[in-house]
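Letters A, B, C and D mark the chains in the order given here, with residues in each chain numbered from 1 onward.
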Amino acid sequence: MSHTLAPFATDRLLELYRGMRLVREAEERLSALFAEGEIPGFIHLSIGQEAVPVGVASVLDEADTLASNHRGHGHAIAKGLDLDRFFLELLGKQDGYCRGRGGSMHVADMKLGMLGANGIVGAGLPIAVGSALAHKIRGTGHIAVVFFGDGALAEGVLHESMNLAQLWSLPVLFVCENNGWSEFTEGARQLTTDPQRMAAAYGMKATKVDGNDVIAVAGAAREAVATVRAGKGPCLLECVTRRVRGHFEGDPQKYRDAGDVAAATRDDPLARCESQLIADGISQADIEAVKTATAARVDAAVAKARAGPPPSPADTLADVYSPPREVAT
Amino acid sequence: MSHTLAPFATDRLLELYRGMRLVREAEERLSALFAEGEIPGFIHLSIGQEAVPVGVASVLDEADTLASNHRGHGHAIAKGLDLDRFFLELLGKQDGYCRGRGGSMHVADMKLGMLGANGIVGAGLPIAVGSALAHKIRGTGHIAVVFFGDGALAEGVLHESMNLAQLWSLPVLFVCENNGWSEFTEGARQLTTDPQRMAAAYGMKATKVDGNDVIAVAGAAREAVATVRAGKGPCLLECVTRRVRGHFEGDPQKYRDAGDVAAATRDDPLARCESQLIADGISQADIEAVKTATAARVDAAVAKARAGPPPSPADTLADVYSPPREVAT
Amino acid sequence: MNEVRFGQAINKALADAMTADPSVIVLGEDVARPGGPFGVTRGLLDRFGPERVRDTPISEAAIVGASVGAAMTGLRPVVEIMFMDFVTLTMDALVNQAAKARFMFGGQLSVPMVVRMPHGGGINAGPQHSQCLEAWLAHVPGLKVVCPATVADAYGLTRAAIADDDPVIVVENKALYAAKGDLPDTAAATPIGRARTARAGRDATIVSYGAMVPVALAAAADLGRDGVDAEVIDLRSLQPWDEPAVLASLARTHRLVIAHEAVEAFGVGAEIAARMSDVGFDELDGPIVRVGAPFMPPPFAKTLEDWFRPDAAKIVAAVKRTMA
Amino acid sequence: MNEVRFGQAINKALADAMTADPSVIVLGEDVARPGGPFGVTRGLLDRFGPERVRDTPISEAAIVGASVGAAMTGLRPVVEIMFMDFVTLTMDALVNQAAKARFMFGGQLSVPMVVRMPHGGGINAGPQHSQCLEAWLAHVPGLKVVCPATVADAYGLTRAAIADDDPVIVVENKALYAAKGDLPDTAAATPIGRARTARAGRDATIVSYGAMVPVALAAAADLGRDGVDAEVIDLRSLQPWDEPAVLASLARTHRLVIAHEAVEAFGVGAEIAARMSDVGFDELDGPIVRVGAPFMPPPFAKTLEDWFRPDAAKIVAAVKRTMA
């Protein structure tokens, strides 16, 4: 938690707050929709972790690419994905981002560089590394970012990806959302290492911040992104945060102390941000206005998603492969 | 190369020399046989690296288990495998260790805990970890050892295996034969890490020794094995050595400086051992006697292997699965 | 005789095997303290302790690789891979190590290990959590593959797999976990490689396995109303599969349909059709018709998944087509 | 027209594709400075430089995974996996990522990448360096799989694979690398999915691919001496495979044999047999006979490997059996 920051402009902080509020509002609505049986499959919420995607995405460009994981709603929304198509997808509708074929774990928007949530733990890591390779070779000036959990630290492909990124000095930012849990098991019962020590093994630059402090996240991300964008090689940013909800919605969390949930709930990045905003002179009314506007935005998306037509099987088979093209030799 | 050793008993050193001489003699014969087309497939020689398997195996018990890799002749011979069946296998004969089905990359002897050479880089690592798990659960008091090259450091399963071994505090010794090459590419062009830094990432005890100094290897291995056997968790032993030959026999090594080969040849662990023996008062004649006896032993094995019948397909299909057994419920 | 759920039957098989043989251990992600994502390993930690029931890190390759080494060193590990889709991460350990060790080392040893993995859809889990990839494993000499359809076989095949000296993949259809059925108090192992006639019939043979068996039975019931008497064969084992039983049925009915949830192309059904179009050729009075998923990844939305998964109507249509 | 070796034809295809399209890059273990373990990528580093021709660490999963990300971001990566046996380490990236991305993301993108991998025996490389695992990949919706048999197709299918917008697996039989053949100066891409009649004949159809095509042709020559006029179809593509071409041939000959080097059970031949026993049923005048490796890992010793690998005599016997 070594990061110290210069004071943050209030209007930027308000912007971050808006971003977090949107993720929170969207996920709380998802939780309710799921409980009512309106969302098929399973969903993993990032409630309590919003400062990480919002802080990081605040310093990315639209054309920077992003690989995500199973807990990816925040990454998608923070990257600027369209909320309507997001909800349409989660409800399994034809006009969703994936035409209802992917759902929560596969939301993607290639136009915004969002290379997809991912149902395979660790799989986003090499995808981001390869995306960074493309940025480098093509000279786009853009960078790639990958979000992964502490549990993913145990996957072999993490090691391969970090070594490769460092070896080729690729413009990729590794963001570890260290929430202390992977499914129903504590990190400490799975790992003998941590993001900092892994980064050290490759000589990769690494920072650790309080992931529930959006100012700290944004600040550290800004520095790391600047380094990466300048062609100085990959960086790792570890954001220590807390999972407030169960692993997935409906998880009774019998394996977890009530105290741990309570502590996670108390350490709320939105509440912390609100306090700071008030201290900076923003009025409670302004904050309420953000909340109201956000709720209205989400209401609209939910309404649209509910009304959206279900996907029809007709076009599915046509999308397994690309349309044929004339092959020039 | 931090290891310092108490003076070594001369008779033990002579034993180590005999062991190295046997590996060397066997491999030089293999090289000749290969050149004459008597060995099918391809073979990877460990000439110049003999101090590592011989030094390590000298402190193992017969029932300790060992997982090896593609460059595994030294591991097998040092573990005490029967030279006749070894040569029979390499020549693809019926009475070989694997009945001619495996060849150089798959020599194994379950009676001696030799769990097999392995054609898949890195694959021996989790096998050794699992073997150590069995030792621990069954309370055998034995340990598992795995030999792997520096190139294997880049495989994801290395990371998974080291974390798992450390997490479960398993009795496994990781021996990295760091010869600076993986196939036709230098380690430095593949890796941004090294065995010591990887071990550090898991908080695993680790040592680095001059792998061409058999006394240093045996001494460091003795300490590491004692730690592992005492139930104090896994250790890593890095042995810095040099590959004298090509990646495989027949490799013209166009990618390699002549100087590098010459340096590797000069830094010969057998020559160094001989000098030490002479200094310790062993006569040149005694050394020659070892050479002569070893050559005779290898001659005999080669003769037997040449004379051995080829395998017949008849029993192959029967060995794909175990013989049926009555299933008791 | 007790009515239990499919998942409970597996749980009992694990517990009985662990009781009978101290070398049996259970490992996997969240299998110990949490009792498994589908609850199949619940209670084992309390009964058999943390040495033998182990939560692992998210390291599928190492877990299966370690099971190979453990099996070589005197244990009988039973690994859980949380979704069959993740078997992609374990193929080296399964295919290049576990499957080949016995043959490749000249018959010196056996590798007695079990890898359990749920496959299949029905819970809208989407493209990376619903696949049926058993055809890959059935193609690998040295592996055995079983797939229970009933509560009795969930118990019996799990016991047989653990008792077997070779690596056995137990494919569990996740839609079956909650299914109920009778389990005799003295439940026995189900021999690997032997099919079961789930319904006798004279007009056509429907070969199936896993969760498609009840669907095939429903199709047979429908066909019965149309005067077609279909026989339903539950394969139970996919590698080895019971060729004599299928051939014998075909020799009675002369019509063959094969149904599974996996993608049709290059699926398990292809091998059965291919064998019957060779050794059973003279018995065939109509084309061999397969029913499987269309050639696409499993989709998420309910309308799509329902369409994607083979159902009784498709089996009925297939039987009618081969009888036409 | 030049006589070149099979491996050189692939080399030329890579070079021509890299010249034509700056987004094509080549990566893999020892492919750059050393020019590849089989020499297939020789000279590319000098011509196209270290940005586009890259030696990688021994990290198969990350290399293929990175290729997916690179393909999503505007490149067309061509990866070499040194032996097909190591594809076991890349299955997640291939199957759960590359193959599904287009479908799973609603058709938003294509993943234009190529993974080249040598399969097959003949060099006594043993159980972990000789496998033919193409049936796995053909079972995966979203992947394409090709396997050239001739020098012209080594060039043409490689070009087509690189030009294709989807992930394509190019399976190269290592026993063919040194084979010589004619390559026109203006060599063209070979369309994916279209078979080639390697030999026309009226009495029986032999379907094959890769290194088994010359073996099938040798068998056909032998059969000719016995008065049997066999047609040999070279599939060239395994996914998609040319069902109309096979069916058309069967409709002329009414007898079908399928031969490949892979293990017979659950191999590529199973799907072809299964389809023909359905859509081609009315054309069949005899059993469909497959020729493939026996159900065991590839053995090392020469006597064993020679016995293990299907040869012309086995194909001749198969044709005679279906004509009996």
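In this section, a residue touches a chain if its C-beta (ideal position, glycine included) is under 8 Å from a C-beta of that chain, and two chains touch if they have at least 3 such contacts.
Bear in mind that the values here come from a model prediction, so they are computed numbers and not experimental data.
Of the two chain pairs shown, B-C and A-C, the one joined by more C-beta contacts is B-C.
With every chain reduced to the mean of its CA atoms, the largest distance from chain C is reached by B.
With centres set at the average Cα position, the gap from chain B to chain C is 40 Å. Separating the CA-averaged centres of chain A and chain C is a span of 36 Å.
Averaged C-alpha coordinates put the centre of chain C at 30 Å from the centre of chain D.
Centre to centre, using the average C-alpha position, chain A and chain B are separated by 46 Å.
Each of the following residues of chain C touches two or more other chains: 56-57, 59, 61-62, 85-86, 88-89, 92, 96, 103-104, 126-128, 141-142, 295-297, 299. Shown for chain B are the residues in touch with two or more other chains, namely 98, 100-102, 106, 118-120, 154-157, 160, 163, 167, 189-191, 316, 320. Residues 154-160, 163, 166-167, 189-193, 197-198, 200-204 of chain B are the ones touching chain A in the complex. Note for the complex: chain D touches chain C at residues 85-89, 91-92, 94-96, 99-100, 103-104, 126-128, 133, 135-136, 138-139, 141-142, 239, 263, 265-271, 273-274, 276-279, 281-282, 284, 286-290, 295-297, 299.
Residues 40-42, 92-93, 98, 100-103, 105-106, 118-122, 151-152, 154-156, 182-185, 189-191, 255, 310-313, 316-317, 320 of chain A are the ones that touch chain C when the two sit in their complex. Put simply, chain B touches chain C in their complex at residues 65, 67, 96-102, 106, 108-111, 115-116, 118-120, 123, 125-138, 140, 144, 156-157, 160-161, 163-164, 167-168, 315-316, 318-322, 325, 327-329.
Taken in their complex, chain C has these residues touching chain A: 29-30, 33-34, 37, 55-62, 85-86, 88-89, 123-129, 294-297, 299-304, 307-308.
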